[in-house]
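These notes are about the structure you will find just below.
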Amino acid sequence: MTTRIGVVTFPGSLDDRDAQRAIRIAGAEPVALWHKDKDLKQVDAVVLPGGFSYGDYLRAGAISRFSPVMETLIDQAKAGLPVLGICNGFQILAETHLLPGAMLRNNHLHFICREQKLRVENAATAWTSDYEAGQEILIPLKNADGRYTADEYTLDKLEAEGRVAFRYLTDGPDADGYGNPNGSLRNIAGITNEAGNVVGLMPHPEHAVESLTGGGTDGLPFFTSIIKKLVSA
Amino acid sequence: MSRTPLDTVEHAAGTPDVEQPWAELGLSKDEYARIREILGRRPTGAELAMYSVMWSEHCSYKSSKVHLRQFGEKAPQSEAMLVGIGENAGVVDVGQGYAVTFKVESHNHPSYVEPYQGAATGVGGIVRDIIAMGARPVAVVDPLRFGAADHPDTRRVLPGVVAGISGYGNCLGLPNIGGEVVFDACYQGNPLVNAGAIGVMRHEDIHLAKASGAGNKVILYGARTGGDGIGGASILASETFDDAKPSKRPAVQVGDPFQEKLLIECTLEAFQEKLVVGIQDLGAAGLSCATSELASNGSGGMRVELDDVPLRDSTLSPEEILMSESQERMCAVVEPSKVDRFLEICEKWDVIATVIGEVTDGDRLEIYWHGGKIVDVDPRTVAHEGPVYDRPYARPDWQDALQADDAAKLPRPENADELRAQVLQLVGSPNQASKSWITSQYDHLVQGNTVLARTEGDSGMIRVDEETGLGVAIATDGNGRYAKLDPYTGAQLALAEAYRNVAATGAKPLAVSDCLNFGSPEDPAVMWQFVEAVRGLADGCLQLGTPVTGGNVSLYNQTGTAAIHPTPVVAVLGVIDDVARRTPVAFREEGQLIYLLGDTEPEFGGSAWSQVVHDHLGGLPPKVDLERERLLGEILISASRDGMVDAAHDLSDGGLIQAVVESSLEGGVGARLVVPDGLDAFTFLFSESAGRAVVSVPRSEELRFTDMCGARGLPATRIGVVDGDAVELQGEFTLPLAELREAHQGVIEGLLA
Amino acid sequence: MARVVVDVMLKPEILDPQGQAVQRALPRLGFEGISDVRQGKRFELEVDGPVDDAALARIHELAETFLANTVIEDFTVKVEEVAEAAK
Amino acid sequence: MARVVVDVMLKPEILDPQGQAVQRALPRLGFEGISDVRQGKRFELEVDGPVDDAALARIHELAETFLANTVIEDFTVKVEEVAEAAK
């Protein structure tokens, strides 16, 4: 039986089709989920895609968080359902407090779209097991509100528990994708919950699954990781 | 409301002598007289509102129409053309059952007044034109012109415009795959914000803006109607009909990209279920335009209940409702049996939708308000039979002196050091410098089909079909400096450059859209520029076999008597069978051979070199040879298809050195160049002769490639090799890539900081 | 030191997509009885020296030329008591 | 009908690049003597019915759970006199 991975479409979701394509390329079956439906259609995992749900009005993710689908999703995520939040999806996860912290306007105040070097800090989550810990990858990034912020206590706790999943790499030339693109504290690009089933990150792995259109395939392991995990489970 | 009686048709007929503010609404005395003649009575306030906006320059093309006809009259035979000029946007067959629609429009003036919202709503408007054809929008482009890069106001306008385009386009999920950024003092006070969009559909999904079938319902959906952009209407409303109103309404609208994204999705869903008979977007002139165009393009008449229009502001008068330019609205004609389903889809997407009228079997457009008939017109007279002017035009008396002031006489670099310094100066000048500060604010990846964007290729390219690799490419170009020196040639050079850019990536040019930005048509010199540019473009399109499918005219871009440079912006759309074969600009492999295609002559009029080094504009622009352009295009396309070249870059402003530096920086590999026989180093580097490109050829392909060029008669000169980490001109200078990058990057940010 | 607050709101006739989005979300959150929401910007300026008429006039000019675009926005300027110890 | 205003500002310890950008632009515009600028959001809520303690409590809750993200933002709620005839 093929693995079924849901992709939620909120009003204003943009990269939902891209997430579906990535899931397909990785070998699973993408299942479209609708924000007004509480029903998750018994999928094995869920991706909250990028975009500007509700136009990012108020705060990115603030309105989507109250969608019917999120009610179910929050409960099931707490019960272990694997959830990946990409960009706007990460912002939604932060607003629901499934992941700690918040995303603020980029420190340079602009939307930024670029290729970004990341280090995989935690290769033990449901979505990262096909990476090696410490592996450096190149993934596109595009957002206006990507500055990860949390208080010192939370940041220390995340570090201590190994829950910083991805970090922006800063020790190289800008032209090669190095640098902190938005002022995120401690160069944090993505984090995981304690159980490792909920992961959120600002960069877009679903845009790095075909070399023709994404400039590389470094994002594919996100999707192969989860498929392997689900198949072997 | 017991104030003045409602100005119904009946009331108007009975009160022929009421004073009407036609002049304040921008109508001439003759135009007002014509309206009275058409109606056989004075217009009601609502009718006057409709005629005045629809007969405005912006909506009626009254100064340009007589000339734009050439695009139809001289249109080349093209099997690709599915829908031509006259619809919201043209449609082109790209094969495999796909059709592509594309168009460029201007939003110049609003972007000067309120850069963010002006530019944002410009994107919104052009995207609605694309949806109205039945297509899913798949990409946007943004040709931009600003005042001098170091002028303080550019610091206000440029970041606002860029943020507006990025804020709106990114939020719609449309990759931005191309455009231009040009600085010139002539655009101070009149920045040009042109926006283009491309949409893809299956042939059978093409929709047109017409209301047919008596009994069919007219549905207005999207945002509520508010008091935006109705400066004119409030004159009507406040001074003639209701003195209590604020007398000025802002002429700038605030856009809501989120609402537009919902509009896209719900419209496409309605198309998919074949629920729509006719459709029209609401842009300039709002409901006046949508109702009169839908009605006049269809077979019957139309009856509209204006009271049913959902309002944001309940105090709006009927005139204001008719003229409002509130954004993010569309109008669909739907069969009665399908109305429920249509409304259901709108509800699914949280889009407000209301039946506001129906198609009738008469031939009148009738609009009712509070039970009274306030409009009763033949819609054709509103939408299509506006005034047409053949305005006087004359070659300005300064043209000769300008052309005589030949750039060839300017002092040239005297030694290798000066040559080197001028190369650095050129690649670091605002117009030639990297635009990454701007393009990095645009999402070029969303939708996952972008094959070329930013500096990767000479044109933007997107994949249309994931299975077959079918794709389309688009490039927009326009050089106001060339056009100022000679508008006829300038327009052809814009066309030639866009054509060449598309071919350089391996795509076959198919069709053209344009945005003609000029000063006041009431100035005979400007009018002459316009006439010449249109003639040049129409002749050029005929010769290249690429029909104009639609476009836009923006006039009155001037401050006082100072007009902008005539700026015809030309967009060329091309098709490629397999995007995997596209040719990028980057030099990537050391050892590959660099060939220069085409002939280089000492042509410096209007050149970047003359501007950057001497702040000079004079002489003649480069000569145009469209047969050569076509041949060059064919060679570039064949070379891409058969894998004979690894990189290709067209030569345009800045000449050969600019192109080579860009290809080297893009690929991170240098180039060793030699001045070919018969040329001096200066001309070799800086000439802007048209019809040229540089390519990098793998050694294994050299013979095949040169044979092909030889057999077809295209001059191909070996000028160097891809090598090292510097751009070197043998015997003259060496410029390390790091130094070039330093000069080329960061220029725009530096000016705006 | 004193604080001057400049509030910038879209003019009433101008569409306020953000305010609308907030308002439309309210019923879903179980909030009724709010008939309109408008969202604007609040600038808190810490002014060195006394906030006299001259200073206020300058801030008014700043608001008019820079903080707001009066084509689409209205603004108000007011001096605020800064309760020192308050959080 | 009454108006309740909710002001939302970033917590003082959180970097406010928007406010900073405004502040940095001031000298260029010829404004001196402003030592700090912070930019936040202002929400104007039009409330049907009386703004009694119960209503205010509800709006306070709305601000806390929705209008502000208290991980990063502080807020204040206040009732505003709506000058009826004023423009």
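First chain written, first letter: the chains are A, B, C and D, and each begins at residue 1.
Basically, a contact is a pair of C-beta atoms (placed from the backbone, for glycine too) under 8 Å apart; a residue touches a chain by one contact, two chains touch by 3 or more.
Molecules present, by chain and UniProt name: C, D = Phosphoribosylformylglycinamidine synthase subunit PurS.
None of the values given here were measured: they were computed from a predicted structure.
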- Weigh B-C against A-D on C-beta contact pairs and write down the one with more. B-C
- Gap in Å, rounded to a whole number, between the CA centres of subunit C and subunit A: 34
- Let me have the rounded angstrom distance from the C-alpha centre of subunit A over to the C-alpha centre of subunit D, please. 31
- Item | Rounded Å distance between subunit B and subunit D, as computed from the means of their C-alpha atoms | 40
- Message: Can you list every residue of subunit A that touches 2 or more other chains, as numbers and ranges?
- Response: 54-55, 57-58
- Message: At least two partner chains per residue is the criterion; list those residues in subunit D.
- Response: 66-67
- Query: Which residue numbers or ranges of subunit B touch two or more of the other chains?
  - Reply: 256, 258-259, 350
- Pairwise chain contacts, counting only pairs that touch as defined: A-B, A-C, A-D, B-C, C-D
- Message: Under the definition above, what is the set of subunit C residues touching subunit A in their complex?
- Response: 17-18, 21-22, 25, 28-29, 39
- Message: Going by the contact rule set out above, which residues of subunit C touch subunit B in the complex?
- Response: 10-17, 20-21, 24, 69, 71-72
- So, in the complex, the side of subunit D touching subunit C is made of residues 1, 7-9, 19, 22, 25-26, 29, 31, 33-49, 55, 58, 62, 65-67, 74
- Message: Applying the document's contact rule, which stretches of subunit B touch subunit A when the two form their complex?
- Response: 163, 166-167, 170-173, 256-259, 261-262, 348-350, 440-451, 463, 466, 579-580, 741
- Message: Could you list, by residue number, the parts of subunit A that touch subunit D in their complex?
- Response: 58-59, 62, 95, 101-102, 104-109, 149-151, 183
